[in-house]
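Worksheet: one structure, shown below.
Labels for the chains are A, B, C and D, by order of writing; each one numbers its residues from 1.
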């Protein structure tokens, strides 16, 4: 490849820059003008969303492959490239990120405490997320990966709730400990690949010995797996989610957890096909355990956010299972599930956030009968719960269908076990819905107003996305499999 | 009797003596003197090597001179610091000074 | 879609099956505030569906074969999912049934639900159900069927838990959803296995493959058994039958529509939908036969002891469903479908009648209703009796014919055991249904004086002429009429219609003659006599115990309290499930895993952190305040390094 | 004349030292005046050093080598000196009557270190080390009215002289084995005789003298006490400038003796692992920020050593890069500390509480500096770690790199504790807002920009360091 490739207007860098400029803009606004800060943040988020939607339509899924490539040599002596591109795998992720950022910022409209810093940090975080999703250079992927992680600490520790400092410290250290495995693996691959390029696809072309693949794959899998809440490295997730403020939970559970799975898919599985084949049984085993385990543990939780945290563990297990199958269907399902689960969890947390902001509790026994006082707010949660159960015509159903078909084919026992997990997940979701929203009207929450139309908008957007892609999965799956089919053919 | 090894052994003996002194003496002056012993062991080495091995007769001696000079300066600085310490602690026993730890 | 305007059939199908969805959306999003409008929209939508269903039935009654529309929904790799309609006699018949009953029930609800705060929501859910159910009926592929099958379950969950502030209601909804989910997961797995093994989920393809044995036998058996789980869950067969009686928490019209006539029949429908496929696997058929039998007997015994009207009909629904499953499993395709049809009619009738009673007396207890003068409400009383007669299988009501057909099929089975089971079932059915009738019509010691001048009277009078009353009465009358004619005039047309589908439809013809009652061992007359006598004997027994002037009004079961208790507690099934759930899941796995999560996994993480800090404290001793120790550390370091080199 | 040009940077600092020597003779104390003078002279020194950055040549009978490598480090030294002098505008930690001596010693020490980075002959190295050490001994003991830290000076002195005694003994043995004191010749002859015990002992003892300067485990023991006990400015100086010199010296030494046996590499690997782990672990439990930074500096010595021990051009280049990044980030932290502890007392972590209100800019600077030390992108610290690890993995030291990363994670913990204090903790008592003068504001903004720029656009600087590393062989 030439050192310089620019296909017209660098749309991807532009998307990335919306966050960076948003960050700078916020920094230069005086802290007391909170209203302006919120408007500016929403503006930049909208810009990013628009660009991502444009990208979604502009991407030619007939042709597939990498498009909108931007490739500039960055550091000569190491072979680091500023290399951004989209294909069917990261396009849904970018769209997801944009949507979740947009709705998340809107959800935090009523924030009053240290507004400036909050939105600045959120933009920093999302800059990292965009970067990971669009970059095709190992160096940059890692840089953006870390950039997206460390703002979590202040975000949780300052604006968080239950045991915020503990949760923040645990989450941050745990996730960055994951990168303690990722960086050596990346550098190892770089060194084995001739120590002159970090370009993902050149490395893929070079190829690695079976031993290197096995070694680096497991390192990358564990490193990214921590962020993907692979059992048994999931315990940060409930604690962190419980502590985090609403928008952060949305972004974190909705998008950040996907970074892990995406990293496994994008780096580990791309560079180490043999390693994947070697470790796929482990992946499948952990994923299946995670699916059932997450649901069962969620059954015993009394804190709404804990419940969602564990449901995320369970759902990310499905993603892992899909990846482990190494088949077109499985990976399609996994990527689609990443997208669907992202939107769904965002909806979950935004509704819980609304309830929590009003009632100042998310302990299920203290709540109850909320449907009477805030029917709309609770209906959002219930819809999310139904999506989580895998009710058909919601996006996640298709994803789960694809994953399970592939899983039963490749790992019959694990697949059946995971299917049994569906029963448990239904049980625990409905249990939560019942205990929280049904039952006698609770006098304590009489006075609480329902969601006003303005604050309902982000939730409605999320709901409609879930249903839309539930009704027309083709619109997403065609894009995904345009890339996945060649990808999976290498296994 | 007049071989290189004799000198080396002596110097090694001196050096270990000095090291032992530094490690074992609680009296700062004593420690300072022990350090001087170590330096002199080095000097002896230089001279011996210079005398027996190297063709060019100067280097070792020059170094020795330098070391002596620096040792003198060192002693001066050391003593001044010890003096300052003595003013504050009214003792030159190092065991009295172990506040900083951990 | 450009075919839409040019093809009236497709147009009708699409319209009829999607209008309810639109009405739901409209109601939920826009007109929740305006109750009248919401209900009108919903009724209008279902009306259109009814019209289109009838139109389809009439236009396609003589169609040479099944009509199929399909378009690609999406495809992933080599797995293509099609969205399509499959219109053949069976689906058309079922579509009509659903449309008719849904329409009647919604009209009925105009009266029944009048003044309820959740009126609009109720109609939204009703529309959701109608939409899901009709789409399930005409689904072209097993996957599509499963999707709408799940949505029907969702609608049932929402409608059962309609009064969510009532704990028992939400509990029942949850129970219904989860228990059916258990079956559905099996169904799902079956589908997956078919996808993997057969690769095509189209219903006609499956039936052809099943009939022509072009799939490996064990694959058929395994998938058929798994799909049977779905039937068990949805149609409340043994052992997953206890959710249905609890589902009676929902309003009576809901019970009439979902939990007797249509939704629970979905299982049976699906069974008959891929009947040729099922019948390709004898094992599956036998299993189904056994399950159906057990269900039928168990449910009827339970119905004998309860005093709650709706409970009685719920149990009887279960047992009748069991009967249908038996019929199908015994190869009686027509008999099963026919009984499904008639049962839909008279069971809905029964529920709606009892609905009127409950609405006016605000109680479910048949004894109280009887005492307070239930029989003064002539229309429901009469209609309910008609329904009960049909249920008991008395000539000339519809139930009689379908039951006869089923008994015929059962008699054709090698072992006579099934036939006897069927007869016992018929007897018990007649017994418990007339037990109820007599409780209401001939209450002990006549109608209590209190109610003559009681507060109910005036309300009855004005209700008799009120809009509310007629809204409820008219559907009941219509259903009663159907119950009368459906058997008398429609057996043979229906038979021709349905079996015809099997004839020039995909599946084998030999199944057809099974379905005609003449094809079994003992003569038709004898069987007829047996069936009728069983029914009549049951009625007589009921009369003897509950109808006579000076009868005990207790029933012979009260002599055996233990058995009574057994029946009353549903053969301890609920208790068993509860215990199993509590011990295995809550007390067992969940608490175990939770402890593990907190203690071991999370504990390990925190432990690592703790030990790291402890390590810090430990090492910090190297940094003692004593100068010489520090020097020693340094000297030792150098020494060790030197040793490392020299050695 | 050309030789004079080669020596110009050192010469400018000699001038500066002389000026303050004169000042120190008369007993007037005019802190502001001295500070002005010192800043000007240091600035001149920096300019001169930068101007002389592309000089090359040998001096003093080839004992003294001026090349890109040495000049880069001289620039770094001058930069550190300028910064420290800049931050000494309120030098509360030292008796006003001794300010002149303070600046005098700082300049002398800088001069010594500049000679150190250029010295390629053992005696020269020895003399320069001693010169810098002596001035540091005095600087450290200069702290006034700090009775709890009075023992610092003597401890530093004792440990220092012992270490230098070890070193000179080692030098004597090396001299005996190789008959030369020129490192160029040394590196030729050493591989042949490396099996002799005398050679080994000599090499190791000499190295231990260097390691002492770098505060590498187990020769680190002076660092915590000194960092804590010395005046803030002096600590800053030791932590920034003197680290540079030590790093340069070790790079140069190993660069010349790169042919040494694999055992040496093993030893260095061991030392770096020990250093990282020890420093990070013990830093976790510290309360005093300066002491904490002392331990973190021990850990960072380990990281720098990773780059050095890979003994490739890229390795040395990465070490240079790392040292530079470390200088910047470390100074950023110390500047904030010196600002907050205006009266020169020792800052405890909890005193940072509510800093984000008292001075948002300083808080931001501190946070970025600490994140940089922790190796979080997009700061220079991350890129430094990345380069160092890349160099190590090029030689296949996977295990070492994994341990390094785990250590980075551990270190993040205590850095986060400090950041938490600055951003989250509610102050127990209301601290006054920190007065930040304009120049400090500019400087901190410059530091922030520098840290991030070096992190994101490392290309030119990396190629510069690689050019410098090439001059080593």
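Following the convention adopted for this analysis, contacts are C-beta pairs under 8 Å (C-beta built on N, C-alpha and C of every residue); 3 or more make two chains touch, one makes a residue touch a chain.
Source: prediction; values computed, not measured.
Chemist: Hey, which pair has more contacts between C-betas, B-D or B-C?
Modeler: B-D
Chemist: Quick check on this structure: which chain has its C-alpha centroid closest to the centroid of all protein C-alpha atoms?
Modeler: Of the chains present, the most centrally placed is A.
Chemist: So, comparing C-alpha centroids, which chain is the farthest one from chain A?
Modeler: Most distant chain from chain A: B.
Chemist: Just how far, in Å, is the C-alpha centre of chain D from the one of chain B?
Modeler: Whole-Å distance between the two chain centres: 27.
Chemist: Just how far, in Å, is the C-alpha centre of chain C from the one of chain B?
Modeler: Here chain B and chain C have centroids separated by 98 Å.
Chemist: Centroid of chain A to centroid of chain D, CA atoms only: how many Å?
Modeler: From the centre of chain A to the centre of chain D is 42 Å.
Chemist: Determine the centre-to-centre distance between chain A and chain B, using the mean Cα coordinates as centres, and give it in whole Å.
Modeler: So the centroids are 65 Å from each other.
Chemist: Residue numbers in chain C touching 2 or more other chains?
Modeler: Correct list: 609, 620, 623, 627, 631, 635.
Chemist: Considering chain A alone, which of its residues make contact with at least two other chains?
Modeler: 173
Chemist: If a residue has to touch 2 or more other chains to count, which residues of chain B qualify?
Modeler: 19, 22, 94, 97-100, 102
Chemist: Go ahead and list every pair of chains that touch.
Modeler: A-C, A-D, B-C, B-D, C-D
Chemist: What residues of chain D sit close enough to touch chain B in their complex?
Modeler: 123, 126-127, 130, 134, 137-138, 141, 147-155, 157-158, 161-162, 165-166, 168-169, 171-173, 175-176, 179, 181, 224-225, 228-229, 282, 285-286
Chemist: For a test of understanding, state which residues of chain B touch chain C in their complex under the given definition.
Modeler: So the residues of chain B touching chain C come out as 19, 22-24, 26, 94-95, 97-102.
Chemist: In their shared complex, at which residues does chain A touch chain C?
Modeler: The contact residues of chain A facing chain C are 170, 173-174, 232, 234-236, 239, 293, 296-297, 299-300, 327-329, 332-333, 369, 371-372, 386, 391-393, 397-398, 401-402, 404-405, 408-409, 415-416, 419-420, 422-424, 426-427, 430-431, 434, 437-441, 472-474, 477-478, 481, 485.
Chemist: Contact residues on chain C for chain A in the complex?
Modeler: Going through chain C, the ones touching chain A are 72-79, 143, 146-148, 150-151, 154, 157, 161, 164-165, 167, 170-171, 173-174, 177-178, 181-182, 185, 188-189, 192-193, 195-196, 585-586, 589-591, 593-594, 597, 601-602, 605, 609.
Chemist: Write out the stretch or stretches of chain B touching chain D in their complex.
Modeler: Listed in rising order, the residues are 8, 11, 15, 18-19, 22, 28, 31-32, 35, 38-39, 41-43, 45-46, 48-49, 53-55, 59-60, 62-63, 66-67, 70, 73-74, 77-78, 81-82, 84-85, 88-89, 94, 97-100, 102.
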